[in-house]
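Scroll down for the structure; my scribbles are underneath it.
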Amino acid sequence: MFPAKKIQKLVGTRIQVEMKGEKFVLEGLLESVDDYLNLYLSSATEIVDGERRRMLGSVVLRGNNIVLITPLEE
Amino acid sequence: MFPAKKIQKLVGTRIQVEMKGEKFVLEGLLESVDDYLNLYLSSATEIVDGERRRMLGSVVLRGNNIVLITPLEE
Amino acid sequence: MFPAKKIQKLVGTRIQVEMKGEKFVLEGLLESVDDYLNLYLSSATEIVDGERRRMLGSVVLRGNNIVLITPLEE
Amino acid sequence: MFPAKKIQKLVGTRIQVEMKGEKFVLEGLLESVDDYLNLYLSSATEIVDGERRRMLGSVVLRGNNIVLITPLEE
Amino acid sequence: MFPAKKIQKLVGTRIQVEMKGEKFVLEGLLESVDDYLNLYLSSATEIVDGERRRMLGSVVLRGNNIVLITPLEE
Amino acid sequence: MFPAKKIQKLVGTRIQVEMKGEKFVLEGLLESVDDYLNLYLSSATEIVDGERRRMLGSVVLRGNNIVLITPLEE
(Lines give C-alpha, C1' and ligand atoms only; values in the text may rest on other atoms or scores of the structure.)
Protein backbone atom coordinates (compact mmCIF):
# COMPACT_ATOMS: atom_id res chain seq x y z
CA MET A 1 0.00 0.00 0.00
CA PHE A 2 1.44 3.38 -1.04
CA PRO A 3 2.05 6.06 1.62
CA ALA A 4 -0.82 8.30 0.45
CA LYS A 5 -3.20 5.32 0.35
CA LYS A 6 -2.16 4.42 3.89
CA ILE A 7 -3.19 7.92 5.04
CA GLN A 8 -6.48 7.83 3.12
CA LYS A 9 -7.37 4.65 4.96
CA LEU A 10 -6.91 6.50 8.25
CA VAL A 11 -9.73 8.99 7.48
CA GLY A 12 -12.27 8.74 10.28
CA THR A 13 -9.72 7.58 12.86
CA ARG A 14 -7.48 9.42 15.30
CA ILE A 15 -3.91 10.12 14.25
CA GLN A 16 -0.83 11.81 15.65
CA VAL A 17 1.12 14.29 13.52
CA GLU A 18 4.57 15.80 13.97
CA MET A 19 5.03 19.15 12.26
CA LYS A 20 8.34 20.70 11.20
CA GLY A 21 9.71 23.24 13.65
CA GLU A 22 7.07 22.62 16.32
CA LYS A 23 7.75 21.35 19.81
CA PHE A 24 4.28 19.94 20.16
CA VAL A 25 2.69 16.96 18.49
CA LEU A 26 -0.91 17.14 17.27
CA GLU A 27 -3.60 14.56 17.85
CA GLY A 28 -6.93 14.67 16.11
CA LEU A 29 -9.61 12.93 14.12
CA LEU A 30 -8.58 12.82 10.46
CA GLU A 31 -11.45 14.33 8.47
CA SER A 32 -9.74 14.42 5.08
CA VAL A 33 -6.43 14.36 3.21
CA ASP A 34 -5.49 15.47 -0.31
CA ASP A 35 -2.71 14.60 -2.77
CA TYR A 36 -0.24 16.96 -1.06
CA LEU A 37 -0.91 15.29 2.28
CA ASN A 38 -2.61 18.47 3.51
CA LEU A 39 -4.67 17.25 6.46
CA TYR A 40 -7.96 18.44 7.92
CA LEU A 41 -8.33 17.35 11.56
CA SER A 42 -11.23 17.87 13.97
CA SER A 43 -11.03 17.75 17.78
CA ALA A 44 -7.32 18.48 17.52
CA THR A 45 -5.18 18.79 20.64
CA GLU A 46 -1.57 19.81 21.19
CA ILE A 47 0.52 17.22 23.02
CA VAL A 48 3.73 18.33 24.77
CA ASP A 49 5.92 15.69 26.45
CA GLY A 50 3.05 13.23 26.28
CA GLU A 51 0.55 15.55 28.03
CA ARG A 52 -2.52 17.08 26.43
CA ARG A 53 -2.30 20.87 26.44
CA ARG A 54 -4.29 23.22 24.28
CA MET A 55 -7.52 22.18 22.52
CA LEU A 56 -7.49 23.52 18.96
CA GLY A 57 -10.75 22.21 17.57
CA SER A 58 -10.56 21.90 13.79
CA VAL A 59 -7.29 22.64 12.04
CA VAL A 60 -5.80 22.39 8.56
CA LEU A 61 -2.17 21.29 8.32
CA ARG A 62 0.00 22.14 5.28
CA GLY A 63 1.34 18.86 3.88
CA ASN A 64 4.90 19.97 3.16
CA ASN A 65 5.43 20.87 6.82
CA ILE A 66 4.34 17.46 8.08
CA VAL A 67 7.24 15.28 9.16
CA LEU A 68 5.56 12.12 10.39
CA ILE A 69 2.06 10.67 10.71
CA THR A 70 1.25 7.85 13.14
CA PRO A 71 -2.09 5.99 13.40
CA LEU A 72 -3.47 5.84 16.97
CA GLU A 73 -6.05 3.12 16.50
CA GLU A 74 -4.10 0.24 15.03
CA MET B 1 -14.54 18.12 2.90
CA PHE B 2 -10.98 18.35 1.55
CA PRO B 3 -8.44 20.54 3.38
CA ALA B 4 -8.33 23.22 0.64
CA LYS B 5 -12.14 23.33 0.51
CA LYS B 6 -12.22 23.76 4.29
CA ILE B 7 -10.00 26.85 3.94
CA GLN B 8 -12.03 28.28 1.06
CA LYS B 9 -15.12 28.10 3.25
CA LEU B 10 -13.32 30.27 5.82
CA VAL B 11 -12.98 33.22 3.41
CA GLY B 12 -14.68 36.22 5.02
CA THR B 13 -14.07 34.97 8.56
CA ARG B 14 -11.23 35.47 11.05
CA ILE B 15 -8.55 32.77 11.21
CA GLN B 16 -5.36 32.10 13.11
CA VAL B 17 -2.22 31.01 11.25
CA GLU B 18 1.05 29.54 12.48
CA MET B 19 4.00 30.17 10.19
CA LYS B 20 7.19 28.10 10.03
CA GLY B 21 10.06 29.56 11.99
CA GLU B 22 8.05 32.37 13.55
CA LYS B 23 7.46 32.85 17.25
CA PHE B 24 4.27 34.78 16.68
CA VAL B 25 0.90 33.59 15.48
CA LEU B 26 -1.10 35.69 13.02
CA GLU B 27 -4.77 36.53 13.28
CA GLY B 28 -6.66 38.19 10.47
CA LEU B 29 -9.69 38.27 8.22
CA LEU B 30 -9.19 35.79 5.38
CA GLU B 31 -9.70 37.72 2.14
CA SER B 32 -8.64 34.96 -0.27
CA VAL B 33 -6.74 31.71 -0.69
CA ASP B 34 -5.33 29.97 -3.78
CA ASP B 35 -4.40 26.41 -4.71
CA TYR B 36 -1.02 26.65 -2.95
CA LEU B 37 -2.74 27.81 0.26
CA ASN B 38 -1.16 31.24 -0.17
CA LEU B 39 -3.35 33.45 2.03
CA TYR B 40 -4.32 37.10 1.79
CA LEU B 41 -5.39 38.48 5.17
CA SER B 42 -6.66 41.94 6.11
CA SER B 43 -6.60 43.49 9.60
CA ALA B 44 -3.81 41.10 10.52
CA THR B 45 -2.26 41.18 13.98
CA GLU B 46 0.70 39.37 15.50
CA ILE B 47 -0.10 37.38 18.62
CA VAL B 48 2.70 36.46 21.04
CA ASP B 49 1.90 34.30 24.07
CA GLY B 50 -1.78 35.00 23.59
CA GLU B 51 -1.39 38.80 23.54
CA ARG B 52 -1.99 41.07 20.55
CA ARG B 53 1.20 42.87 19.59
CA ARG B 54 1.88 44.52 16.27
CA MET B 55 -0.90 45.49 13.82
CA LEU B 56 0.16 44.51 10.30
CA GLY B 57 -2.86 45.55 8.25
CA SER B 58 -3.03 43.49 5.05
CA VAL B 59 -0.50 40.72 4.50
CA VAL B 60 0.15 37.92 2.03
CA LEU B 61 1.42 34.62 3.46
CA ARG B 62 3.34 32.11 1.32
CA GLY B 63 1.50 28.79 1.50
CA ASN B 64 4.48 26.47 1.85
CA ASN B 65 5.55 28.25 5.04
CA ILE B 66 2.19 27.85 6.71
CA VAL B 67 2.16 25.14 9.35
CA LEU B 68 -1.37 25.26 10.71
CA ILE B 69 -4.62 27.17 10.11
CA THR B 70 -7.34 27.40 12.77
CA PRO B 71 -10.81 28.94 12.30
CA LEU B 72 -11.72 31.50 15.00
CA GLU B 73 -15.46 31.71 14.41
CA GLU B 74 -16.62 28.11 14.62
CA MET C 1 -8.52 39.35 -4.99
CA PHE C 2 -6.24 36.28 -4.95
CA PRO C 3 -2.96 36.46 -3.01
CA ALA C 4 -0.77 36.51 -6.14
CA LYS C 5 -2.94 39.24 -7.68
CA LYS C 6 -2.61 41.27 -4.48
CA ILE C 7 1.19 41.13 -4.84
CA GLN C 8 1.11 42.00 -8.55
CA LYS C 9 -0.84 45.14 -7.69
CA LEU C 10 2.00 46.15 -5.36
CA VAL C 11 4.56 46.35 -8.21
CA GLY C 12 5.98 49.87 -8.25
CA THR C 13 5.39 50.41 -4.52
CA ARG C 14 7.49 49.76 -1.42
CA ILE C 15 6.92 46.53 0.47
CA GLN C 16 8.28 44.76 3.51
CA VAL C 17 9.24 41.09 3.31
CA GLU C 18 10.00 38.52 6.02
CA MET C 19 12.23 35.69 4.88
CA LYS C 20 12.46 32.25 6.49
CA GLY C 21 15.36 31.84 8.88
CA GLU C 22 16.45 35.48 8.72
CA LYS C 23 16.52 37.86 11.66
CA PHE C 24 16.18 40.89 9.45
CA VAL C 25 13.21 42.12 7.48
CA LEU C 26 13.70 43.52 3.98
CA GLU C 27 12.21 46.71 2.63
CA GLY C 28 12.39 47.66 -1.02
CA LEU C 29 10.64 48.81 -4.15
CA LEU C 30 8.89 45.87 -5.79
CA GLU C 31 10.09 45.75 -9.40
CA SER C 32 8.48 42.45 -10.37
CA VAL C 33 6.98 39.19 -9.14
CA ASP C 34 6.38 35.85 -10.85
CA ASP C 35 4.04 32.90 -10.33
CA TYR C 36 6.26 31.40 -7.61
CA LEU C 37 6.21 34.72 -5.72
CA ASN C 38 9.91 35.17 -6.50
CA LEU C 39 10.42 38.91 -5.96
CA TYR C 40 12.79 41.40 -7.56
CA LEU C 41 13.30 44.46 -5.33
CA SER C 42 15.36 47.58 -5.94
CA SER C 43 16.68 49.97 -3.27
CA ALA C 44 16.41 47.15 -0.76
CA THR C 45 17.45 47.66 2.86
CA GLU C 46 17.76 45.28 5.80
CA ILE C 47 15.72 46.27 8.84
CA VAL C 48 16.68 44.88 12.26
CA ASP C 49 14.50 45.73 15.27
CA GLY C 50 12.89 48.54 13.30
CA GLU C 51 16.19 50.19 12.33
CA ARG C 52 17.63 50.42 8.82
CA ARG C 53 20.95 48.61 8.62
CA ARG C 54 22.63 47.45 5.46
CA MET C 55 21.73 48.83 2.00
CA LEU C 56 21.52 45.94 -0.47
CA GLY C 57 20.55 47.71 -3.68
CA SER C 58 18.75 45.30 -6.00
CA VAL C 59 18.00 41.79 -4.78
CA VAL C 60 16.10 38.73 -5.95
CA LEU C 61 14.20 36.76 -3.28
CA ARG C 62 13.29 33.08 -3.77
CA GLY C 63 9.53 32.77 -3.35
CA ASN C 64 9.43 29.57 -1.30
CA ASN C 65 11.54 31.20 1.41
CA ILE C 66 9.24 34.18 1.79
CA VAL C 67 7.07 34.00 4.88
CA LEU C 68 5.10 37.23 4.77
CA ILE C 69 4.71 40.27 2.51
CA THR C 70 3.31 43.58 3.81
CA PRO C 71 2.49 46.67 1.69
CA LEU C 72 4.05 49.89 3.03
CA GLU C 73 2.00 52.40 1.08
CA GLU C 74 -1.57 51.45 1.84
CA MET D 1 20.52 3.12 -10.82
CA PHE D 2 18.56 6.34 -10.18
CA PRO D 3 18.00 7.47 -6.57
CA ALA D 4 14.25 6.66 -6.60
CA LYS D 5 14.94 3.23 -8.10
CA LYS D 6 17.51 2.59 -5.36
CA ILE D 7 14.82 3.26 -2.73
CA GLN D 8 12.22 1.10 -4.50
CA LYS D 9 14.64 -1.81 -4.39
CA LEU D 10 14.81 -1.41 -0.60
CA VAL D 11 11.08 -2.17 -0.15
CA GLY D 12 10.79 -5.16 2.18
CA THR D 13 14.08 -4.41 3.96
CA ARG D 14 14.99 -2.34 7.01
CA ILE D 15 16.22 1.20 6.44
CA GLN D 16 17.34 4.17 8.49
CA VAL D 17 15.94 7.63 7.80
CA GLU D 18 17.06 11.07 8.94
CA MET D 19 14.30 13.66 8.99
CA LYS D 20 14.76 17.43 8.82
CA GLY D 21 14.66 19.17 12.16
CA GLU D 22 14.51 15.97 14.21
CA LYS D 23 17.12 14.86 16.72
CA PHE D 24 16.20 11.22 16.34
CA VAL D 25 16.79 8.86 13.46
CA LEU D 26 14.07 6.41 12.42
CA GLU D 27 14.55 2.73 11.70
CA GLY D 28 11.86 0.59 10.18
CA LEU D 29 10.78 -1.92 7.56
CA LEU D 30 10.10 -0.09 4.29
CA GLU D 31 6.59 -1.07 3.19
CA SER D 32 6.30 1.34 0.26
CA VAL D 33 7.58 4.49 -1.38
CA ASP D 34 6.06 6.84 -3.98
CA ASP D 35 7.43 9.32 -6.52
CA TYR D 36 7.82 12.05 -3.89
CA LEU D 37 9.88 9.69 -1.70
CA ASN D 38 7.03 9.65 0.83
CA LEU D 39 7.78 6.50 2.86
CA TYR D 40 5.52 4.06 4.68
CA LEU D 41 7.41 2.15 7.37
CA SER D 42 6.23 -0.58 9.71
CA SER D 43 7.85 -1.57 13.03
CA ALA D 44 9.42 1.87 13.18
CA THR D 45 11.61 2.86 16.13
CA GLU D 46 13.22 6.15 17.12
CA ILE D 47 16.99 5.97 17.58
CA VAL D 48 18.74 8.64 19.68
CA ASP D 49 22.54 8.56 19.95
CA GLY D 50 22.55 5.01 18.63
CA GLU D 51 20.04 3.72 21.22
CA ARG D 52 16.53 2.49 20.49
CA ARG D 53 13.97 4.65 22.26
CA ARG D 54 10.30 4.87 21.42
CA MET D 55 8.47 2.21 19.33
CA LEU D 56 6.23 3.96 16.81
CA GLY D 57 4.72 1.02 14.93
CA SER D 58 3.65 2.09 11.45
CA VAL D 59 4.42 5.61 10.28
CA VAL D 60 4.19 7.66 7.11
CA LEU D 61 7.05 10.10 6.42
CA ARG D 62 6.61 13.14 4.15
CA GLY D 63 9.23 12.92 1.41
CA ASN D 64 10.28 16.57 1.31
CA ASN D 65 11.30 16.42 4.97
CA ILE D 66 13.56 13.41 4.49
CA VAL D 67 17.24 14.31 4.46
CA LEU D 68 18.97 10.96 4.06
CA ILE D 69 18.04 7.29 3.63
CA THR D 70 20.48 4.48 4.46
CA PRO D 71 19.94 0.74 3.78
CA LEU D 72 20.53 -1.46 6.86
CA GLU D 73 20.78 -4.83 5.15
CA GLU D 74 23.44 -4.33 2.51
CA MET E 1 12.00 42.49 -15.73
CA PHE E 2 10.89 39.26 -14.03
CA PRO E 3 13.01 37.88 -11.15
CA ALA E 4 14.31 34.89 -13.16
CA LYS E 5 15.19 37.15 -16.09
CA LYS E 6 17.07 39.44 -13.70
CA ILE E 7 19.20 36.47 -12.60
CA GLN E 8 19.81 35.27 -16.15
CA LYS E 9 21.19 38.70 -16.98
CA LEU E 10 23.72 38.26 -14.18
CA VAL E 11 25.35 35.22 -15.84
CA GLY E 12 29.03 36.01 -16.33
CA THR E 13 29.16 38.42 -13.40
CA ARG E 14 29.93 38.00 -9.69
CA ILE E 15 27.01 37.61 -7.31
CA GLN E 16 26.45 37.11 -3.61
CA VAL E 17 24.04 34.42 -2.40
CA GLU E 18 22.48 33.79 1.01
CA MET E 19 21.50 30.19 1.62
CA LYS E 20 18.88 28.96 4.10
CA GLY E 21 20.30 27.77 7.38
CA GLU E 22 23.89 28.80 6.61
CA LYS E 23 25.87 31.36 8.58
CA PHE E 24 28.10 32.15 5.63
CA VAL E 25 27.30 34.02 2.46
CA LEU E 26 28.67 32.79 -0.88
CA GLU E 27 30.34 34.90 -3.52
CA GLY E 28 31.14 33.58 -6.96
CA LEU E 29 30.99 33.99 -10.71
CA LEU E 30 27.55 32.96 -11.96
CA GLU E 31 28.12 30.37 -14.68
CA SER E 32 24.49 29.37 -15.20
CA VAL E 33 20.99 29.32 -13.72
CA ASP E 34 17.93 27.22 -14.53
CA ASP E 35 14.16 27.62 -14.08
CA TYR E 36 14.32 26.49 -10.43
CA LEU E 37 16.98 29.11 -9.70
CA ASN E 38 19.53 26.33 -9.19
CA LEU E 39 22.85 28.15 -9.58
CA TYR E 40 26.23 27.01 -10.85
CA LEU E 41 29.04 29.25 -9.55
CA SER E 42 32.77 29.13 -10.23
CA SER E 43 35.52 30.65 -8.05
CA ALA E 44 33.11 30.54 -5.12
CA THR E 45 34.20 31.73 -1.67
CA GLU E 46 32.52 31.62 1.72
CA ILE E 47 32.14 35.01 3.39
CA VAL E 48 31.65 35.16 7.17
CA ASP E 49 31.07 38.57 8.82
CA GLY E 50 32.33 40.28 5.69
CA GLU E 51 35.64 38.32 5.56
CA ARG E 52 36.61 35.81 2.91
CA ARG E 53 37.12 32.37 4.43
CA ARG E 54 37.14 29.10 2.56
CA MET E 55 37.67 28.86 -1.22
CA LEU E 56 35.18 26.39 -2.66
CA GLY E 57 35.98 26.53 -6.36
CA SER E 58 32.93 25.49 -8.39
CA VAL E 59 29.67 24.76 -6.58
CA VAL E 60 26.07 23.99 -7.45
CA LEU E 61 23.40 25.56 -5.22
CA ARG E 62 19.90 24.07 -4.93
CA GLY E 63 17.42 26.81 -5.85
CA ASN E 64 14.82 26.16 -3.16
CA ASN E 65 17.41 26.74 -0.44
CA ILE E 66 18.45 30.12 -1.79
CA VAL E 67 17.07 33.02 0.21
CA LEU E 68 18.51 36.07 -1.51
CA ILE E 69 20.69 36.89 -4.52
CA THR E 70 22.54 40.22 -4.83
CA PRO E 71 24.52 41.44 -7.88
CA LEU E 72 28.06 42.59 -7.03
CA GLU E 73 28.85 44.46 -10.23
CA GLU E 74 26.00 46.88 -10.57
CA MET F 1 26.53 24.38 -18.69
CA PHE F 2 23.28 24.29 -16.67
CA PRO F 3 23.47 23.37 -12.95
CA ALA F 4 21.80 19.96 -13.41
CA LYS F 5 24.11 19.14 -16.32
CA LYS F 6 27.10 20.08 -14.17
CA ILE F 7 25.98 17.52 -11.57
CA GLN F 8 25.32 14.81 -14.17
CA LYS F 9 28.89 15.21 -15.38
CA LEU F 10 30.09 14.48 -11.84
CA VAL F 11 28.58 10.95 -11.83
CA GLY F 12 31.40 8.49 -11.17
CA THR F 13 33.47 11.02 -9.21
CA ARG F 14 33.65 11.95 -5.53
CA ILE F 15 31.64 14.95 -4.37
CA GLN F 16 30.94 16.81 -1.15
CA VAL F 17 27.38 17.69 -0.18
CA GLU F 18 25.99 20.07 2.44
CA MET F 19 22.51 19.18 3.66
CA LYS F 20 20.02 21.57 5.25
CA GLY F 21 19.96 21.45 9.02
CA GLU F 22 22.91 19.07 9.35
CA LYS F 23 26.17 19.88 11.07
CA PHE F 24 28.10 17.34 9.04
CA VAL F 25 29.08 17.41 5.41
CA LEU F 26 28.84 14.24 3.31
CA GLU F 27 31.49 12.91 0.97
CA GLY F 28 30.86 10.06 -1.40
CA LEU F 29 31.04 8.64 -4.90
CA LEU F 30 28.15 9.99 -6.96
CA GLU F 31 26.36 6.97 -8.42
CA SER F 32 23.39 8.81 -9.92
CA VAL F 33 21.29 11.98 -9.87
CA ASP F 34 17.76 12.70 -11.11
CA ASP F 35 15.85 15.82 -12.19
CA TYR F 36 15.10 16.81 -8.58
CA LEU F 37 18.80 16.60 -7.72
CA ASN F 38 18.10 13.57 -5.54
CA LEU F 39 21.51 11.95 -5.19
CA TYR F 40 22.60 8.35 -4.74
CA LEU F 41 26.08 8.10 -3.21
CA SER F 42 28.20 5.07 -2.43
CA SER F 43 31.09 4.90 0.06
CA ALA F 44 29.61 7.92 1.82
CA THR F 45 31.27 9.35 4.92
CA GLU F 46 30.24 12.08 7.35
CA ILE F 47 32.76 14.89 7.73
CA VAL F 48 32.67 17.08 10.85
CA ASP F 49 35.08 20.03 11.11
CA GLY F 50 37.17 18.56 8.30
CA GLU F 51 37.55 15.12 9.96
CA ARG F 52 36.06 11.88 8.68
CA ARG F 53 33.64 10.43 11.21
CA ARG F 54 31.00 7.85 10.50
CA MET F 55 31.05 5.59 7.41
CA LEU F 56 27.54 5.42 5.95
CA GLY F 57 28.07 3.20 2.91
CA SER F 58 25.40 3.90 0.31
CA VAL F 59 22.90 6.68 0.93
CA VAL F 60 20.13 8.46 -0.93
CA LEU F 61 19.83 12.22 -0.37
CA ARG F 62 16.56 14.10 -0.98
CA GLY F 63 17.28 16.88 -3.47
CA ASN F 64 15.24 19.66 -1.86
CA ASN F 65 17.29 19.36 1.33
CA ILE F 66 20.61 19.74 -0.45
CA VAL F 67 22.13 23.17 -0.02
CA LEU F 68 25.43 22.94 -1.90
CA ILE F 69 27.34 20.39 -3.99
CA THR F 70 31.10 20.66 -4.54
CA PRO F 71 33.21 18.46 -6.88
CA LEU F 72 36.27 16.91 -5.18
CA GLU F 73 38.21 15.84 -8.25
CA GLU F 74 38.45 19.00 -10.30
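Think of it as A, B, C, D, E and F in the order they're written, each chain with its own count starting at 1.
The criterion applied here is as follows: contacts are C-beta pairs under 8 Å (C-beta built on N, C-alpha and C of every residue); 3 or more make two chains touch, one makes a residue touch a chain.
Because the structure is predicted, anything quoted here is derived from the model rather than measured.
Steps from chain A to chain D, minimised over paths through touching chains, total 1. Between chain C and chain E, the least number of touch steps comes to 1. Chains touching both chain C and chain F: E. Of all residue numbers seen at the chain E-chain F contact, under half occur in both copies; the interface is built from largely non-matching residues. Seen from the Cα centre of chain B, the chain whose own Cα centre is farthest off is F. A turn of 60° superposes the CA atoms of chain D on those of chain F, with the angle given to the nearest 5. Chain centres computed from CA atoms place D at the largest separation from chain C. Separating the CA-averaged centres of chain B and chain C is a span of 19 Å. Note: centroid distance chain C to chain D, computed from Cα atoms, is 38 Å. Centroids built from CA atoms put chain E at 33 Å from chain D. Annotation for chain C: residues 20-21, 64-65 touch two or more other chains. The touch graph of these protein chains is a ring, one cycle where each chain has exactly two neighbours. Passing around the ring starting with chain A, then chain D, and so on, the chain order reads A, D, F, E, C, B. Residues of chain C touching chain B in their complex: 1-4, 6-7, 18, 20-21, 37, 63-71, 74. On the chain F side of its complex with chain D, the touching residues are 19-22, 26, 31-34, 38-40, 56-62, 64-65.
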